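Per-chain numbering from 1; labels A, B, C and D assigned in written order.
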Amino acid sequence: MASTTYHPGAPPLQVAQWFNTREPLTLEDLRGRVVLLHAFQMLCPGCVEHGIPQARRVHEAFPSADVVVIGLHSVFEHHAVQGTPEALQAFIHEYRLRFPIALDRHEGDGSIPLTMRSLSLSGTPSLVLLDRQGRIRLHHFGHLDDLRVGAVLGQLLTEPTPEPLPDAAAGTSAAPSGPAGCDANGCPLPDDTPDAMH
Amino acid sequence: MASTTYHPGAPPLQVAQWFNTREPLTLEDLRGRVVLLHAFQMLCPGCVEHGIPQARRVHEAFPSADVVVIGLHSVFEHHAVQGTPEALQAFIHEYRLRFPIALDRHEGDGSIPLTMRSLSLSGTPSLVLLDRQGRIRLHHFGHLDDLRVGAVLGQLLTEPTPEPLPDAAAGTSAAPSGPAGCDANGCPLPDDTPDAMH
Amino acid sequence: MASTTYHPGAPPLQVAQWFNTREPLTLEDLRGRVVLLHAFQMLCPGCVEHGIPQARRVHEAFPSADVVVIGLHSVFEHHAVQGTPEALQAFIHEYRLRFPIALDRHEGDGSIPLTMRSLSLSGTPSLVLLDRQGRIRLHHFGHLDDLRVGAVLGQLLTEPTPEPLPDAAAGTSAAPSGPAGCDANGCPLPDDTPDAMH
Amino acid sequence: MASTTYHPGAPPLQVAQWFNTREPLTLEDLRGRVVLLHAFQMLCPGCVEHGIPQARRVHEAFPSADVVVIGLHSVFEHHAVQGTPEALQAFIHEYRLRFPIALDRHEGDGSIPLTMRSLSLSGTPSLVLLDRQGRIRLHHFGHLDDLRVGAVLGQLLTEPTPEPLPDAAAGTSAAPSGPAGCDANGCPLPDDTPDAMH
């Protein structure tokens, strides 16, 4: 449970479009607060059934001055259907999501969006928790129960806010590799992804 | 509970494309079997959380020789996002739906698809149960619990199969009018729908 | 699903004490109505989690003129703790049960109460459905989902009420034998029960 | 959320009998570990449905070297039915509880057991969290969601283990007073309890 000794800084968010926020958010601006990044896809059953309701619960349980919840729409399949800003806007509207949501940015013909790649996410849903210094303290693919998520949040909330570290290396790839194809837990990246991380 | 004395015949399904079936289904061909029509939209939270899981349970609980479950994708909002065959195909794939699903057909610039209109559905999710004669015996907007759905199915299954009636009038409009905007129960039609039924 | 051709009449209820009813109920008096008997034990987790909530849902979903729900407290273990009228009264009070509940009667030193024996129940929770003629049409040990229970109720509700049959033979023993020890599904009778039915 | 500045030490547990533990536990012996006390009654629906499953989840989610879960059976009503060691033993057996459980001790003719009184609990279920120093850091009547419980546990787990304080004053009475009679949330103490705390 966030037990690694070295905690890399989170890479910057690379966003095509923001929703539910007046202006774009940057992790630098959020230094001093705990950040919960919930990576999802609107057509991922595990995200809709478990991940998004959990993100909503965290958003409601903790004051935004302490914990900032950010939804990250990281589309790596069915791009034509769920990858557009219009699709995400409709989803946010119908599911009445209130927390800030970022559409992960694609570049060139890569099927995996940039933030998902720089965070080394294994699929959706994925949960990434950043401490007050912007360091990655939890990096999980699939569903994690509220007790464990709450315990890490409680731990991070007790930590002081030292000076930001210069370190901003790429995210750890400690995340477990998921099963093939969407299941109740989530949608893993295909093993033969052309632009898989290395 | 399906207690009206006059039961109109169901109008024919008007389908743009079928999924999970080798050839198009017609209600005529299904005479002699009980039919459960579940009208949904892939971006309707009440459909994804309640309606579709219930349709799946009915599909698994009853042999298809007795009860035929048909999903009807009746898109009346966010057409560009969820209204295409590609979108429905992706949804069916990710949610691993196994029962036959029809994409309700649009005509001209009407926002409400044809089968939804001829069945006088008030929104999604909607449940329509047809008896062995193809007559509408239950017509419900919103979620109906398994006990009540099971009771109507049990009643219809006990009825014999007489000769089909010539009657094939339009569906009853006994369905309650839903609330405005999607909520946990479903997505009602807007009151000011340009091509609302009358 | 209640598909056997011969349906034995239910044996009379043998009750030590009634709760939630002004006067004792008899199956004879209930002829013409469908009866749901839910056999439970207050210390049976499967009963508390699944069976009793389902009995409550049936009680609320169907008018008592059509379906009568009766709870049958058939204690076959921990008699000293849960077998007294005081224990059952306290349980009914705390769980706010509203439907009639009978304390199954014990005789001599038998650990299995009389109604449970005459109905050949395999353990708790058990569900027994009687048609309008008082015949056993469903006999199930463990949990049965609402769709299936509803379907049998719907079937039985459509049947007419002929003259009561003289037949009142002992209950069928079609019930599956349950696993040993309480589990999530229920509490089966021990195989070596001294006064097991034969 | 454990936001008070002064944290009283927990009073000693006063136990009639222990279950699921070789020898009696004392809070002194548990210094250095976080302790979750879950006060319940076996006939309290809110305890059986929410509190006990949550206690089980905490017991499974955290190593006992970090968090010790203790069930406290604090019977303040229906004593004859649920107040005996035999009743509690049967409940523990049927519900397959694995964590240590203490039967709160009664004295004289008081209806409220001693530990419940010294902890100033308002009813069941109640949750009390002790830090590594044995101080009361959370004191809650009714159900508290996993996120919040997890957050407090996470916070307490990050705290160091200083020398035990001499302070061992009686528990705070910060707990909200509950509604009258058992409901979905729990069973509050009656307002006119003869030996209510003051």
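One rule holds for everything that comes next: a contact is a pair of C-beta atoms (placed from the backbone, for glycine too) under 8 Å apart; a residue touches a chain by one contact, two chains touch by 3 or more.
All values reported here derive from a predicted model rather than from experimental measurement.
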{"item": "Label of the chain whose CA centroid is most distant from the centroid of chain A", "value": "C"}
{"item": "For chain A paired with chain D, centre-to-centre distance based on mean C-alpha positions, whole Å", "value": "36"}
{"item": "Centroid distance [mean C-alpha coordinates] between chain C and chain A, Å", "value": "51"}
{"item": "Chain contact graph, described as a line, ring, star, complete graph or other shape", "value": "ring"}
{"item": "Chain A-facing residues of chain B, complex", "value": "42-45, 48-49, 78, 80-82, 84, 86-87, 90-91, 94-96, 182, 187"}
{"item": "Parts of chain C lying in touch with chain B, wherever the complex brings them together", "value": "57-58, 61-62, 145-159"}
